[in-house]
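Given below, in the form of structure tokens, are the structures.
In what follows, chain A forms one complex with chain B and a second complex with chain C.
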Partner chain A sequence: MMFWKALRQYRVKGLLILISLPALVLPTISLVYILWQGLPALNWQTLSGEGVTGFGLEHGMFGQIWGSLLLMLGANVLAAPAALGLALFFNLYANDNTQRTIFTLLHLLQSIPPIVYGLFGLFVFVHLLHLGISLLAGMIILAMIILPLLVLNALHALKAISVEQTESARSLGLNDMQLICRVWAPLAWPTMLTGQLLGMARALSETAPILFTATVFSGVLWPSSIFEPVTTLQTHIFYLAQEGGNAHVVSIAWGAATLLIALVLLFSLTALFLRRIDQHHRIS
Partner chain B sequence: MILLKPGLYLITSFIALLVLAVPFFLVQASAPFWASAGIMVLTGTEWFPYEMLFGMLPAIIGSTWAILIALFIAIPCGVATAIVTTELVSSSLASATRMGMEVLAAIPSIVYGLIGLWLLLPLLQASFDLLSGHSLLAAGLILALMILPLITLMSMDALKLVSSTQREAGMSLGLSWEALLFRVLLPQAWPAIRGGILLAMGRALGETMAVMLVVGSLDRMPEPIMNVLQPAQTLTSRIGREIGEAAFGSIHFSALMACGLLLALIGLSISLFAHTRVVKA
Partner chain C sequence: MPQQLNRIETVVKPVNTMEVEASRLCIDHLSLQLEGRAILSKLSTTLPATGIIALIGPSGAGKSTLLRCLNRLYEQWQGDITWAGQSIRNRDTDLLRRQIGLIGQKPAVFPCSIRDNVIFGLSRQQRRAIADEEIYKALQQAALWQEVEHRLGEPAEHLSVGQQQRLCLARALILKPDMLMLDEPTSALDPRSRDIIERSMMELGRSMPLLWVSHDLDQARRISNHILFMCDGKLIEQSDTESFFNQPKRIESREFMRWSVCDC
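And now, the complex of A and B:
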């Protein structure tokens, strides 16, 4: 009797805990499984490619890491000024109607799947503008993908500044440029930096849009200009993963995946850490 | 100083131009396909590019099934996790879960594809006695794992934002824990949770790499239509598999652009739906 009573009393809680169990254990399981598969494959031989042949493995992974980082940096360098400009325009010159339009458009842009940006880039940059499959095309596409994220983050950062501060700066006779440099920038930079780091993490983890616009399977080690294709960690994992017959190749894919996750987490966890510090700072 | 205003106007109009360019060029690129095949291809069931058969229905049904399976698993699990972590357990365990979800959200999609291909497919193959494990079920499961953090984190935030006066008023009325949860907390948090679900739907719709590796890329109708254990195709996996071999300017290329246009339209309508509902609420 006691048992049934307890069961009746706690059935909702029990059921909820039961349903939520996967979410509580899956992050650990996934991460441990990836590391378990990937860490053994990471050694000097696979990184440098010495003494390995076939499947584009003979070049090691440094070229691919370099390609991924180049694409990430290029995308962020292109997108950051545009995002900052739009956010400043939003706060300085846009009226209510324009602000609402910009906001809606940003959300709409965010809802277009990344692969569609890839198709757009393939049609416009690769073929119509004759950039070919190149680093530059990939950078522009990734920049377009992370732009809404960066703008929304910058708007969030500027919105957190109290109206009193802006108004007292205005009443002291500061012009737009002084207001931006002396009042907004010192207050908003931690949040801006967080957004930029998240943008970097995002640019590193996108694979589909650059698969057919910026990367090749192998043959390029160090691109000599932005008009050449690159090899990246993301696409390399994709090609290696499908070599089902060769266990060694698949294990190297896991190694590359571990490297990629380490890079992405480096950026996104730093961003989350910064955000937490910033929040504490604001509360205290 | 003098350059600031025109500079900002220039940047803004450039971005606006870029925004307009995306739909414009998608329509332009897919125009030859629509002109030659007509709108009825949306219900066609055969896709053989080399015989000029471009039926879209198998991939549309594949995408729908994959999204439905993912939502069916991820919504209960995510919302339950949010309730358990915000209402039941200690705050340190809650922040550990949040951390875990943030890490899960940061894992790139191609790595999920790797997990799906080399962990999930053998498991499915063994448990359902399938030929290879490539199936819509596999795609749905891997998508569920990918959108779970999104739904969980949004629901956690939503539940935390329910004001403590509401909570205390409910408690002072002597409501049981269940009544408080179902009559006060969930109804208050629901608009934000629904927003999270719609966002997750958009993510699942556009996910390419992971789905492409596990779905099998076999372009035919599921037989019968409820069968999710066969290799199949989604809109995104079709684009990813075939865009490399479609020559620029061919009808095949144009057809894949049309698939992209379709994806963009579905994504936009999900977002618009979410937007109008939130504004109304």
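And now, the complex of A and C:
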């Protein structure tokens, strides 16, 4: 009797634990497996390429890290002002219909597969606008991909500001620019910065769009202008993984994957840390 | 600078005679619809030039909305509102809001020091040139000086809710408004803070009109010189406080005083 009573009491809890377990276990197993495969492959030789020969290994990985960071930073620099502008317009001037339209559009843009953005970038920026396979074309396409994320995050940051604070500022005669600079900016920047870091992590994790628009397999280590192509960690992994028969090359691919995960985690965890500080500040 | 606030030792008695003729705020057939619903319906009145005007009525009567129309936080109204003979539509919005201050129900302080909060509404040049005497005067008028005298550099969030509400008041007063609107400013406060604000407002009411939204009929009777009773977006009755409470003209007013509800 006691057993059945206990079972009834905890059945919902048990069921929820059972069905939520894969959500925790599978990513953890993946992460551990990647680190287990990748960490041994990471050493000065594979990073610098000194004394290493083989498919795609001669130049190490510094060039790819640099290329990934350049694309990520460029995309964020391009997307951030547009995202901020749209979020402010949304809050200050857009009527209900415009707000609904913008919201639908943002969710629509967010659901477009990245490969489609890549295809669009290839035809429009690379061919039609003659930008060629270049850092700039990649930055623009990545900026388009992360834009909805940044706008939605900025909207979330502004929504978190109390109506009373905005109304009080208005009642004191502050105009739109003063309201933005003196009230909204100091209150919203931690959340906005968090979104920016998440945008950086997202830009770092995209491969398909830059495969079409910005990257080459080799021949460029340190691009001298934004009109040159780059090599990146993401595409490097893609190319190396195609050499599945060569165990050494595949192990380097795991090393590159570990590096990429480390970079993405760096930005994601910093974002998480900032969010916690902000929440703690708001509560206290 | 004087180191101590001259406290208001006695409760200031409301001024009973009010010069309606000298009024500067006139509302003429004010109507407002929000999302297809009539919030204010052809509301007309003329506010006295000084004293506390209590705006009372049941929840949803449109009292707070009326305040937001008067300083143009809502713009989509019909009819006319004139301030010193000129339609407020033709006035500079930011300037109008400085002249007609609004204090909300919940105090909203900004993430900066107490001192910076007081001078928040001033322009950059004014903030640079502001004399400590001005800050002292505003805090004194808001009956907050004694409590913050030695902590002006502290974050305003550290103040209690009652102190924050008085800080909001000081922030509005430093702009030297011609009129103040208060939307249930004491509803979230403890009795002591409520009494302090009431006394300082009654003092202020001697020199400017204060439009005070209140759900508390006792408070309205205690502090106001004039009553505006609203229900369902309409102005039901307007009279001086004594007449309203002793001899209400409308049955709705009597019902409201008895049951705190209105059947209009």
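Following the convention adopted for this analysis, the second predicted complex is superposed on the first by the 260 of 284 C-alpha atoms of A that agree within 3 Å, B and C clash if a C-alpha of one lies under 4 Å from a C-alpha of the other, contacts with A are read in each partner's own complex, and residues count from 1 in each chain.
To be clear about the criterion, a residue touches a chain if its C-beta (ideal position, glycine included) is under 8 Å from a C-beta of that chain, and two chains touch if they have at least 3 such contacts.
These numbers were taken from a predicted model, which means no experiment stands behind them.
Applying the stated clash criterion after superposition on chain A shows that chain B and chain C can sit side by side.
Residue contacts after overlaying the shared chain place A:Trp4 against neither chain B nor chain C. When the two complexes are overlaid on their common chain A, residue A:Trp44 makes contact with neither chain B nor chain C. Applying the stated contact rule after C-alpha superposition, one finds that A:Asn175 touches each of chain B and chain C. By the touch criterion defined above, A:Leu265 lies against chain B but remains apart from chain C after alignment on the C-alpha atoms of chain A.
In the superposition on chain A, A:Pro22 makes contact with chain B only, not with chain C. With chain A used for the fit, chain A forms the apex of an angle whose arms reach the C-alpha centres of chain B and chain C; rounded to a multiple of 10, it measures 100°. Which of chain B and chain C touches more residues of chain A is settled by the count: it is B. In the superposed pair of complexes, A:Glu167 makes contact with chain C only, with no contact to chain B. No C-alpha atom of chain B lies closer than 14 Å to one of chain C in the superposed arrangement. Common to the chain B-facing and chain C-facing surfaces of chain A are residues 175. Of all residues in chain C, those touching chain A in their complex are 71, 73, 94-98, 101-104, 106-108, 110-112, 120-121, 168, 171-172, 175. Against chain A, the residues of chain B that register as touching in their complex are 1, 4-5, 7-9, 11-12, 14-16, 18-19, 21-22, 25-26, 29, 76-78, 80-81, 83-85, 88, 97, 100-104, 106-111, 113-115, 117-119, 145, 148, 152, 177-178, 181, 202, 205-209, 212-213, 236, 239-240, 243-244, 248, 256-257, 260-261, 263-264, 267-268, 270-272, 275. Across the complex, chain B is touched by residues 12-13, 16-17, 19-20, 22-24, 26-28, 30-31, 33-34, 37, 81-82, 85-86, 88-89, 92-93, 104-105, 107-117, 119-120, 122-124, 127-128, 144, 147, 175-177, 180, 201, 204-208, 211-212, 234, 237-238, 241-242, 250, 253-254, 257, 260-261, 264-265, 268-269, 272 of chain A. Interface of chain A with chain C (complex): residues 162, 164-165, 167-175, 182-183, 186-187.
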